[in-house]
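Letters A, B, C and D mark the chains as written, and numbering starts fresh at 1 in each.
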Amino acid sequence: MTSLAEILLALFLLTNLILAGTGRLPQAIRLVAAQGWLVGLLPLVLWSWPTAGTPPLRVWLVALVNALVKGVLLPSLLAYAVRKVQAKRELEPLVSFRLSQIIVFALCVASFVFGKCLHIAEAIASELAIPVAFATMGTGLFLICSRRKAITQVLGFLVFENGITVFGSGILMEYGLVVELGILLDVFVLVFVLGIAIFQINRTFSSLDTDRLNQLGDVHLLHPHHHRHA
Amino acid sequence: MNFDILFLLPIVAVGLAAAIHATAYLHGEALLHRPRFWGFFLATLVAMAGVVLAPGKIAFLLAWEAMGLASAGLVAFENEEKAVRKATWIYLLACHAGACLLMLAGVLLGRPDAFLAAFFCGIVGFGLKIGFPPFHVWLPEAHPAAPAPASAVMSGAMIPLGFYGLLRFFWPQCHLAPYATPCGWTLLVLGLVGALGGILFALPQANLKRLLAFSSVENMGVIAIGLGLAVLGWDAQPIGALALAGALAHVLNHALLKGGLFLAAGSVLRQTGTLDQDLLGGLMKRMPQTGTLFTLNALGLAGLPPFNGFLGELLIYSAAFAAVRTSSSALITAGFLVLAFLALTGGFAAAAYCKAIGATFLGEPRSQAAAEAVETPRRMWLAQLLLFVLSLAMVPGTIYLARLFGLGTDLLIAAAVFGGATAALAAALIALRRFLCPRGAVKPACPTWDCGYAEPTARMAYTGTAFTQPLADLFNPILHARRHLIPFRGHPATPTDAALVGETDDRALAGFWRPIFTFFARLFQQVHLLQNGSLHLYILLIILAVMALLIAAFVS
Amino acid sequence: MNFLFFILAVVLAPLLPGIVNQTKAFFAGRRGPGFFRLYFDLWKLLRKSCPRSTTSTWLFDLAPAISLAATLVAGMIFPWTLDTATTLSGISAVLFFYLLGTGRFFTVLGALDTGSAFEGMGASREVQFSALVEPIVFVILGFLVLATGQTSLAGLLAGYDAGAWAHHSISLVLAVLAFFAVLLSECCRVPFDDPETHLELTMIHEAMILDNAGPDLAFILYGAAFKMMLLAAFLVALLLPALPLAAPAKAALLLASTLGVAVLVGIVESVIARMRFLKTPQVLSGALMVAILATLLFVLF
Amino acid sequence: MNSLQSILLTLTSVLFVADLAQSFFYLPTADAREGGEHMSHGVYYACLCGFFATMVFALLAPSLPLMWVAVELTTLVSAPLIAYHRGTGSLEAMWKYLLICSIGIGLALFGTMLVMHAQTSGNATWFKAGFVFVLAGYGTKTGLAPFHTWLPDAHSEAPAPVSALLSGALLNCSFFAITRFRAVMPAEVASFCDNAMIALGVLSVAFAAIFMVRQTDYKRLLAYSSIEHMGLIVMLFALVMKLLPSADGMLRLDLADHSPVGILTLALFCHIVCHSLTKTLLFQTAGNLLLAFETRAITAVQGLGVSLKGHALLWLVGIVFICGMPPSALFLSELGLVLQAPLWMAALVLALLFIVFAAMTKVALSMTMGKPRARPVPVPRTLLIVPSLLFVLLVVSGLALSLLTVLSFAK
């Protein structure tokens, strides 16, 4: 089954790369949904079937909820938001799509090198899991840093979150059911709240560009005669 | 050695006198403001007493910081004025910076071989309260800003507490062998610069309380000179004992006399509404008790016999003579420096007090307010009288002090006796004069002669600024006085008023501290770019910081 | 004994200005007012009344008397016999000069009390000079302490033995020179001040007493003369080594020499003119340097 | 339950009650003043209670991952509170709060995984890496520089009671999370962990000091002051941990313990409690000022001593207290820190605290003193009730503590 795991993880990398290169929001959401399914499947795939037998109900349940929340619920929520606010694409990202792809690729390579250097031999389900987790987290953070649209930033956050989950699965982390569900609940609520915020932002600014969201700061102090205050 | 009582005395005496004075001084204030004054006033006194009585380092620091804070409340009393708010801020900063350094000194004192570092922290920390240059910035700002009774307490009793701190925490070690040289010279040089610099800057000040504030810098310098000499010469007695006794006597003299002078300045302000000496004059006639007491106190503080101020200086001079007589070249140098600087300071002090008395109390009034002034309620000048009488008691007091230190008292007794002789002879001569010119013959009948001017007016008289101008000009490279001429306008036949206005700012503030503060404020504003509102930058910061931490983790 | 000579000094003091003036007259080829002029002036003034302006206060009334008292007491503590045994050993030289300072302080206040522009001006210049003179005096005192190893006034002046005197003659001469500048400045003589001037703007000491008359003026004039006596005596004592003479002889020599100093002052006044007011600080700082130089030479050689 | 936990629970409860009460007085006036849209009061109070509940959950969480869940929930519940008024600023603040904190918390989750994995494998490197991520993650919520960037925005834009609760309670809860992780660190990585905390602490105080100089917005000023104090608290904690002899890493509060550890522990607790209470007082007062002047510009508020006497007193005393001047107990805790810290640290902290003091007192003086520039809109007196109670509590407790310290150290 290990080879299947590696295929899944490779797919993960692929989604990362495509995500970095795409400007169309619906496509990006679909990619994140795909990642959600992959994340959901991963614990099952990484389960050492020959030695441990059939996984307990807890694993199945977590996989199912994960896949449903990250692969269906959240993407449809975001897609709804995209439709509602009529945002189609990420125009003018801070880093161009081509360069983004190259950077994400570089991140992947760096993660592999780094993962190789770490020598994590014990308690690892797959050699690939740790580097892929790092690469995915990096991609998520990179997306947040390099994109302007609020929705893309949420997507970036989800990718980051997926990376962490992959890592958890990779090192066969066992929290217990409550925690797993709690984490999922958190992610769900977070995206839900962010979604609401997106609506409000869109309504208030008539735009989803977060450029409008950098009014609070201390730099205006450089011009003592110019005060902007509530 | 325990110096507690010595430093408690001024707190009680000046505190009492200032309280008496304040009951009348605050009379014009809104009823609501008075509790504020009294609250801070009492808190200040309690905190000052706490400083002296504090049983340990922590209690001392606590009381010290509380003292600064409480007195800042006094400085801020008349906070409607911008200058007062600025003064309060500067004062608060000075207090807090001092307290911070004292904490550091406290840390260092606990270590085995960090005494010198502790001493330097301490000297800056306490120096911020004492007013060693360039740490004296708050004095000329805060003293004019505070109500007079508060200035009296702050200048008379609070500032010298810095010396109390120095003595309490550093004396046991600093006069011993390896430390005596650096510690002594530090104190001495600070004292020399403070004494001369203080009085130099006092001289051209037009604001009476500012003048007094700068003269406090001078007096603290004199005390520091005494202490420095005491530290340097402790092993070559009687230099050390003479200098220490002189310094301590000067602490008491300064407390009583400067307290009285500040109270008198308060009376002047209350009766005329101004402290600008160029607008005052002629108050000796209108406020005779205040004027007389101011004159007497000033005489004492200028260190002139027959008053007690002289005895303190005499002790320090004697220490300097004794130092010159030794065979150690360091002590000889120190002795000569003290002689020259103290003499110059004495001359300038006399000039400055002459100016203060002359411009404020003598001659004709230069403004309506001064012309209409009347004597204060009795308790205001009684408070000053109290301090003056106490200062007279310092004549035997100084002799007692010298005896405590095991010194021969011939010197002091002779000075006191001949001081008394001066007074007696003066009385005899006055009697002779009264005999020669009976009262009727000296009845004032005519205006001042003024070399034939028919109608001399107050505007012709020398103002305080004019009086000190030659000396101020001589030292202008140090003083950097700002002078500007307001020329007359209109036709020469009907000119408007012209004036020459001069101001002497504190160089330490304008030339030293302000540039430093501005530099840091500018620097900090560059860092403000990091908080420019961009989420992208923020997240980048997080990533970079995590990476830095990770690198640190793997390197360590 | 000392007091006896003090009385003698008190009597002789008004002679000094007379000697100065006669010397000047001699150099100018005039007959001069006579040696005893000041005695007559004082006698005349003491019988006059003291008018006083409406501006002035008690300070103006009392200042001359207090000033004189301080100067006289300074004379009282001066070791006229140049003998440590017969005079009070505990008297400090500081007291001596600070008493003179007290006298000056009151003169200045008295002048300021009139509210006159000229007297204010005079007072202003007076304090400037005296402030600059103080360090010279005290450096010379320090020098004396070094040279004699004593700290009391009598010890300082009675001082050094002839051998040391010869050995350190250069520094001694320098110190005497510096003190002579002090004397000229303090006694308001040329080149610092010209007591003969008739232009108020150029006066210093004279300008301060424009409003005084009668006994007050007498006190002031006498005080000035006595102060000159004191400083001249100090100058002479500074110069003299410890002489193997009896105390009265020494005192007589001292008093006689003060008359010689007056002649010297007269000669100086005859040969140089009053200096520009702005130049005088330079002279005084020069004198300070000379005093320091004297000390340095003494210490180093 | 250790001492820190119980004290934080009590503190959080007290602050919750105080801010709940203040909300009752504050919201109606604020709604009237601000105009515009706002969240319904029902949702507000629900969120506020939820916020409290999640904080208690975070403090009582039985395991590290559950604590993570709770801390993340605090973010989610408090975010809507920040955007109570639906203005542009509050939306932006909420957005940043959500994203930055979530990323931070994500890092913390990652760290938690690493630490838990390290606990099973016993690998020191994993412990270190885990602690780095935990420190960064929970540090973000604690407001440690340079992870603090959300804090000034959120604190300044939120309604006053929420700012107070964020600053007084939430920061402490996430700090508590860090302490729990520190407690499970093995001895060989302990020194790295403490050094990292000290570094972040110093950096926080430095950032705060730098950003407080020439600050123009008084609520932001308070926010930076929170960063400063969290930095100090983390430093104090690290120092305690460095000196703690026992291996279990439990903090024990013992008033009679005059050893360095005892003093530092005392200082730590004192600082946490006093900072929270003072900051609540200040934020509530700031909220009232905002209502009265309708601006957060420092320059617009002048002469409070004439126009709003009660507020002037609260504001001035609050700022003096938060600067660590006596009789505030913060003076004692800062003194404890300075006296027990290494020399370089003591000097640095003193210098930075001096900058903070200079900046804050300047603001306090210019706001409370002088002649009023703008006539304030009167605010109901009820708004003063809670801050006044806090004021009395602070003064009395400060005086009592100072006296106690003087007496117990008088040797």
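Quick note on the criterion: a residue touches a chain if its C-beta (ideal position, glycine included) is under 8 Å from a C-beta of that chain, and two chains touch if they have at least 3 such contacts.
Because the structure is a prediction, the values reported are computed rather than measured.
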Looking only at C-beta pairs in contact, point me to the busier pair out of A-D and A-B. A-D
By CA centroid distance, what chain is farthest from chain D? C
The distance between the C-alpha centres of chain B and chain C, rounded to whole Å, is 33
How many angstrom between the C-alpha centroids of chain B and chain A? 68
Just the number, please: Cα centre separation of chain A and chain C in whole Å. 98
Which residue numbers or ranges of chain B touch two or more of the other chains? 525, 528, 531, 535, 539
For chain A, give me the residues that contact two or more of the other chains. 141, 144, 153, 210, 213-218, 221
Residue ranges of chain D touching at least 2 other chains are 95-96, 99, 103, 152, 211, 214
Return all touching chain pairs. A-B, A-D, B-C, B-D
Flag every residue of chain A that touches chain D in the complex, lowest number first. 122-123, 137, 141, 144, 150, 153, 157, 160-161, 164, 167-168, 171, 173, 175-176, 178-179, 182-183, 185-186, 189-190, 193-194, 197, 200-201, 204-205, 210, 212-218, 220-221, 224, 227, 229-230
Chain B - residues contacting chain C, complex: 281-282, 284-285, 288, 291-292, 295, 299, 302-306, 310, 313-314, 317-318, 320-322, 324-325, 329, 332, 335-336, 339-344, 346-348, 350-351, 353-355, 357-359, 362-364, 408, 410-411, 413-415, 418, 421-423, 425-426, 428-430, 432-433, 436-437, 441-451, 456, 458, 460-462, 466-471, 474
Complex interface listing, chain A residues touching chain B: 94, 141, 144-146, 153, 210, 213-219, 221-222
Where on chain D does chain B make contact in their complex? 95-96, 99-100, 103-104, 107, 125, 128-129, 131-133, 135-136, 140, 146-147, 149-150, 152, 192, 195-196, 199, 207, 210-211, 213-214, 305, 320, 323, 325-327, 331-332, 335, 338-339, 343, 346-347, 350-351, 353-355, 357-358, 361-362, 365-366, 369-371, 402, 405-406, 409-411
Within their complex, chain B touches chain A through residues 525, 528-529, 531-536, 539-540, 543
